[in-house]
Amino acid sequence: MRSPVPEYLDAVLRDCAQDDSEPAAIAITTIDDSHHAAGDVEQRFTIQSMSKPFAYALAIERLGWEAVHDKIDVEPSGEAFNEISLDSETGRPHNPMINAGAIATAGLIGSFETFAEFASKLAGRELEMDEAVFESEMDDAHRNLALAHLLAAYEIIDDPVEAVDHYLRQCALSVDVRDLSTMASVLANGGVHPDSGERLMAEQTAIQVLSVMATCGMYDDAGDWLASVGIPAKSGVSGGIIGVLPGQVGVAVFSPGLDDHGTSTVGVQMMRKLSSDMGMHLMNPGRPSRSALAEVRVDDDETVYVLTGDLLFSSAESLFRRLLAEPPETETVVLEISRVGEVSDVGRRMALEAKSRLEEDGFTVRVNDGDETNRLD
Amino acid sequence: MRSPVPEYLDAVLRDCAQDDSEPAAIAITTIDDSHHAAGDVEQRFTIQSMSKPFAYALAIERLGWEAVHDKIDVEPSGEAFNEISLDSETGRPHNPMINAGAIATAGLIGSFETFAEFASKLAGRELEMDEAVFESEMDDAHRNLALAHLLAAYEIIDDPVEAVDHYLRQCALSVDVRDLSTMASVLANGGVHPDSGERLMAEQTAIQVLSVMATCGMYDDAGDWLASVGIPAKSGVSGGIIGVLPGQVGVAVFSPGLDDHGTSTVGVQMMRKLSSDMGMHLMNPGRPSRSALAEVRVDDDETVYVLTGDLLFSSAESLFRRLLAEPPETETVVLEISRVGEVSDVGRRMALEAKSRLEEDGFTVRVNDGDETNRLD
Amino acid sequence: MRSPVPEYLDAVLRDCAQDDSEPAAIAITTIDDSHHAAGDVEQRFTIQSMSKPFAYALAIERLGWEAVHDKIDVEPSGEAFNEISLDSETGRPHNPMINAGAIATAGLIGSFETFAEFASKLAGRELEMDEAVFESEMDDAHRNLALAHLLAAYEIIDDPVEAVDHYLRQCALSVDVRDLSTMASVLANGGVHPDSGERLMAEQTAIQVLSVMATCGMYDDAGDWLASVGIPAKSGVSGGIIGVLPGQVGVAVFSPGLDDHGTSTVGVQMMRKLSSDMGMHLMNPGRPSRSALAEVRVDDDETVYVLTGDLLFSSAESLFRRLLAEPPETETVVLEISRVGEVSDVGRRMALEAKSRLEEDGFTVRVNDGDETNRLD
Amino acid sequence: MRSPVPEYLDAVLRDCAQDDSEPAAIAITTIDDSHHAAGDVEQRFTIQSMSKPFAYALAIERLGWEAVHDKIDVEPSGEAFNEISLDSETGRPHNPMINAGAIATAGLIGSFETFAEFASKLAGRELEMDEAVFESEMDDAHRNLALAHLLAAYEIIDDPVEAVDHYLRQCALSVDVRDLSTMASVLANGGVHPDSGERLMAEQTAIQVLSVMATCGMYDDAGDWLASVGIPAKSGVSGGIIGVLPGQVGVAVFSPGLDDHGTSTVGVQMMRKLSSDMGMHLMNPGRPSRSALAEVRVDDDETVYVLTGDLLFSSAESLFRRLLAEPPETETVVLEISRVGEVSDVGRRMALEAKSRLEEDGFTVRVNDGDETNRLD
């Protein structure tokens, strides 16, 4: 039996990326280190502004929240990413997701190597810089240099040329969607790497970074994004978008065509579809908890998979993993869903898929929904 | 045995509201209709801007998201609540949480009576208007009239004087903290009233309202509020604040002294303490699901309470309620926490409190944490 | 002999107003009460924003500069006339030439009748209000009411509805170009009416009003207007523009077609042509003084007209008037220009015209330019 | 007989600069090359922003008005001199008097040497750069570098570091008040140097520069300055202010103490006093023409000095010069003022001073005011 998740991701890709001439890819990483991807997953691109949340996390880890907050505010600016706009009194950038704030963050971290090491730990592999991209952006960095000199005038940073060099190197790190979804999953998992189990930042840091992504991650479109997609996210002009559902998954999508906001057009559609299909909205009252699959028990000649919480994407996905990891030991399998709260579309479809695949493999499957009519039908 | 929640709320009140000369109150309502309150719970005050999320919900219900979004944007404005600031092209207010947006919302709803009826359903009792407050605000409504005429100039509303009259009546509805926490719990519960079970708005509407509260509810302080408190909220100049944790609880606090933002000083402290004690932050990766207490079963001569999910405030609170509703039928009681994910401070303290109260009542209590050391010790 | 000025004005009109389907008119009034006009001089239209400088003058006369300046600033706003923009601390309108400032001015004056009386004195005839225009603007006054309520919120004015009523009546006063050029000539003449000789405002008041017209009169185009036209001016959406060259003339032009700034397209062209032909630019180093024609004397059998200062439009125009008022008493006439500073194009052309008309009338005319070659040739 | 002008300037200095611990100086240069100065006239200081009008003139001369206007607007910005504010679409600085505009101007001119040569011609002597000031400003040029990089991002200039280097060298040119009043007098004289008679810029260029000084020269205080002082002016942070009355004089004042706008406090007072005493306001209807003293003639045994125009400062000053250049050839002297228009305070005082000095020198002096009572009494 195979997990249907890759097929689902393929379908998302097919629906959203109808123009074959452009590469497109999608990847998700759950906080218990399950990885799925579809599309041009080998395609490398530069991380660009998607580096900002991680650099901000690193700055908080190294200097503490207060010291960072003294230099960089966390308020949405309602402005485009490259707006020349600082607090008129203090020179503080409005938030770390706009360029001014990211350059200030680079100044606080102090060296590109420090960031590259941190980003590599997050991705779980040594990330490298795309020299050609870096050179070309450094040649046309007038707007970032303007911001940096302004920050230096307000004594937010010391060396503006150095800070821009660092920031542009940071932006030129080369990644693919699986790197990004892994990095995002660390934020989803409260700062602990799902694979290594290493704590890369305090839980409080992850919470603060996600909060800032929620209000400031999508620039002048932050409110609409949160209302309609509901996933803290960050886009980059290379065509990638990362999203994080706390306690659930990190997501990354990629497709180079950009809209007026400098955000991947296809990427936005894929994020919207994931959010809507999977009930991933942050404000969803039935957002599943971590322990969605409660237990597996063998009663007499039946293997019973007991699902609790809401039957959303992540609980269905975890059912599949359990089925693969601990295949039924009896001929009869029971999917016990009587304690499940809400049943979402995608959850229902995936559970039925599990049922039919088990039947294909020769098992007899029964769904137990207690006194209620079977909600999978 | 009594629930320790009222005592906890009393402690929050004592810690935050040290000046006895001012009234202060706090109330929470869970989505399964459990009510707790402390302080001056009988104190009535006007709802003021806390009416805005509910009016916005009503407008979406009546006209649909698209029609409302055409007239009122959902972007944080970074501005004070009474700023004269509309989109310079279209005249659209930045969001429905600032006065311009709330007056536009009133114009869309069309009559104060319609709103009063909706608000009364949310509160579960007939709300009345404070005539004296209304009269006094109508006498000094120049800024709101300015906004309303401007909206009329942009054809966002038709009758500016009527819209301001409606809006000020709406603001003058008289409530107490229990009304407000009940109203907030409907948003937490995806639009269904926890008591009556009546659906008062679509789940999608509740999700959109909460999203807008998250980014725009605390005016020019929205980013900092979300980063540090992490609860979608809305304050009013009467000294109240409502907060909503989706899938969990509605909260309301009250104390009249205001800070520079026009927000209750003590109220903000109470919300911060609740968020931090209860792990209520929206970005908390371990935010509990709805079905935190999995089951109660009687094995031989033991009553076993099986907790799942994370042991946070809401799961501990639900344990208490189950203990009160279905008191143990055996002398020995087992608290089964081996399937619990994370154990928060408040959860641990409340579970231990449950244990000692059971023991006071003559039961023998055993905590079962599986192979692990008992995490309650 | 006739003055060539009307013919010149006709030529300006022909050059600028090539579309015959629209009315167009032009009028000038010198500070020694000489009147010239061309085009549709009988056409009545409403004074609109051209009333603002005069209302501002009246407010200064009645309350004093300090009291008015306390309520209304004099800084260019770089904004369109109807922008909702007041000082964020004090609520002071940026200047009296934008609507906010004009409504505040109306509030300071206190009654429309007071203004109407003042305006009538300036025009030299009883001005009447166009009821239909007033009614129609009052019906669609949302933007002005918004401004007025905002001013009331800041306690700049008391009664916003009354102030807008007053302001719109003021704007609806019906005038023609000759009324306007006469009104403008009072400002040019330091506050004294050229015809009646009555002082209608202090010289200091006229100076202040002209200063504000220079920096704020043409809205967001003030700098370009001053650089290229160089005449303190004020436009109205009815299609009129008034201009004032201190110590020289009041000018008024009219043609209803408006540009993007709400200013008469043909009117702007006429003002530009007048400025350039007549050397009227405020920064022109050779701007003529009042006593351009020094004297007429009869030496033996010659009548000598002695011109001093620069030979610009106004000195040439005054030569013509002197020739008409005191026709030569001898057969030979001498135009003595040896003390003249600069000779402008229009001055040269008009002086030659005077010479040829005198010759047509049978006089022998000699130009005396001292040792220099005759600069009229 | 000596001119009383130096004594008058001394009095202005005494009245305004009461704190002896600070240097102060004042100088005026008429368009017919008469020079007067008082105070610390030898004191050198850097030209700073007072270089801006001259750099702008040079750019117009070299590239033409259109090309310069394409890159730099002429609208008042209502902002402080160092505001980071460009047109959001085009990146055009609002005007050439703020730093952004001045750096753009430097970029258009292309080399500091070209400007230094031009400035030296204007001053009539080789100006040198203060190396120490330049070095120190270059060390702390973050704000200017920010502006320059921003201009480069918008392709207003090519090389931002070069442009700032040029601009700061330009600002570091060392001058005294007499240099500045001479430079200003070229603008007053329509572009022709009063001493050398060389045309250094087209009259049209001088007119455009003066217009921009009038609306933008005094930063966020432009409207108030024009209303109350009425002299196109430009201040520098070194404590100097230059002023120009077209067709009359160039003025320069100096005193290092600065107000909140970065403008010399004592300097502003001196400019105000000059304007008010001398009737120098641009909007003064009686602003004198160039040919204020009409002629000197000897009738029988009387030397008659015939004054025309208004008897203001400049005509009285020219009377003195004529008396010094062509001392009376007869015992009896007549001051013929019957053709004079208005008689200002300062004009009356200076004419009486002339009378009493002539009497001290043994002449008999008679004032002839035609039929009128002698207006000098």
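Think of it as A, B, C and D in the order they're written, each chain with its own count starting at 1.
As a convention for this text, a residue touches a chain if its C-beta (ideal position, glycine included) is under 8 Å from a C-beta of that chain, and two chains touch if they have at least 3 such contacts.
This structure is a prediction, so every number in the text was calculated from the model and none was measured.
*Asks:* Listed by label, which chains are in contact with chain A and with chain B?
*Replies:* Per touch definition, common to chain A and chain B: zero chains.
*Asks:* Of the pairs C-D and B-C, which shows more C-beta pairs in contact?
*Replies:* C-D
*Asks:* Quick check on chain A against chain D: do more than half of the interface residue numbers occur in both copies, making it same, or fewer, making it different?
*Replies:* same
*Asks:* Between chain B and chain D, what is the gap in Å from one C-alpha centre to the other?
*Replies:* 66
*Asks:* So what's the Cα centroid distance for chain B and chain C, whole Å?
*Replies:* The separation of the two C-alpha centroids amounts to 64 Å.
*Asks:* Rounded to the nearest whole Å, what is the centre-to-centre distance of chain C and chain D, using the mean of the C-alpha atoms as each centre?
*Replies:* 28
*Asks:* Could you say which residues in chain D touch two or more other chains, in rising order?
*Replies:* none
*Asks:* Give every touching pair of chains, nothing left out.
*Replies:* So the chains that touch one another pair up as A-B, A-D, B-C, C-D.
*Asks:* In their complex, what parts of chain B are in touch with chain C?
*Replies:* 84, 142-143, 145-150, 152-153, 160
*Asks:* Which residues of chain D touch chain C in their complex?
*Replies:* Those residues of chain D that touch chain C are 31, 73-78, 94-95, 188-190, 203, 206-208, 210-212, 214-216, 220-224, 226-227, 230, 232, 246-247, 281-292, 294-295, 308-310, 339-341.
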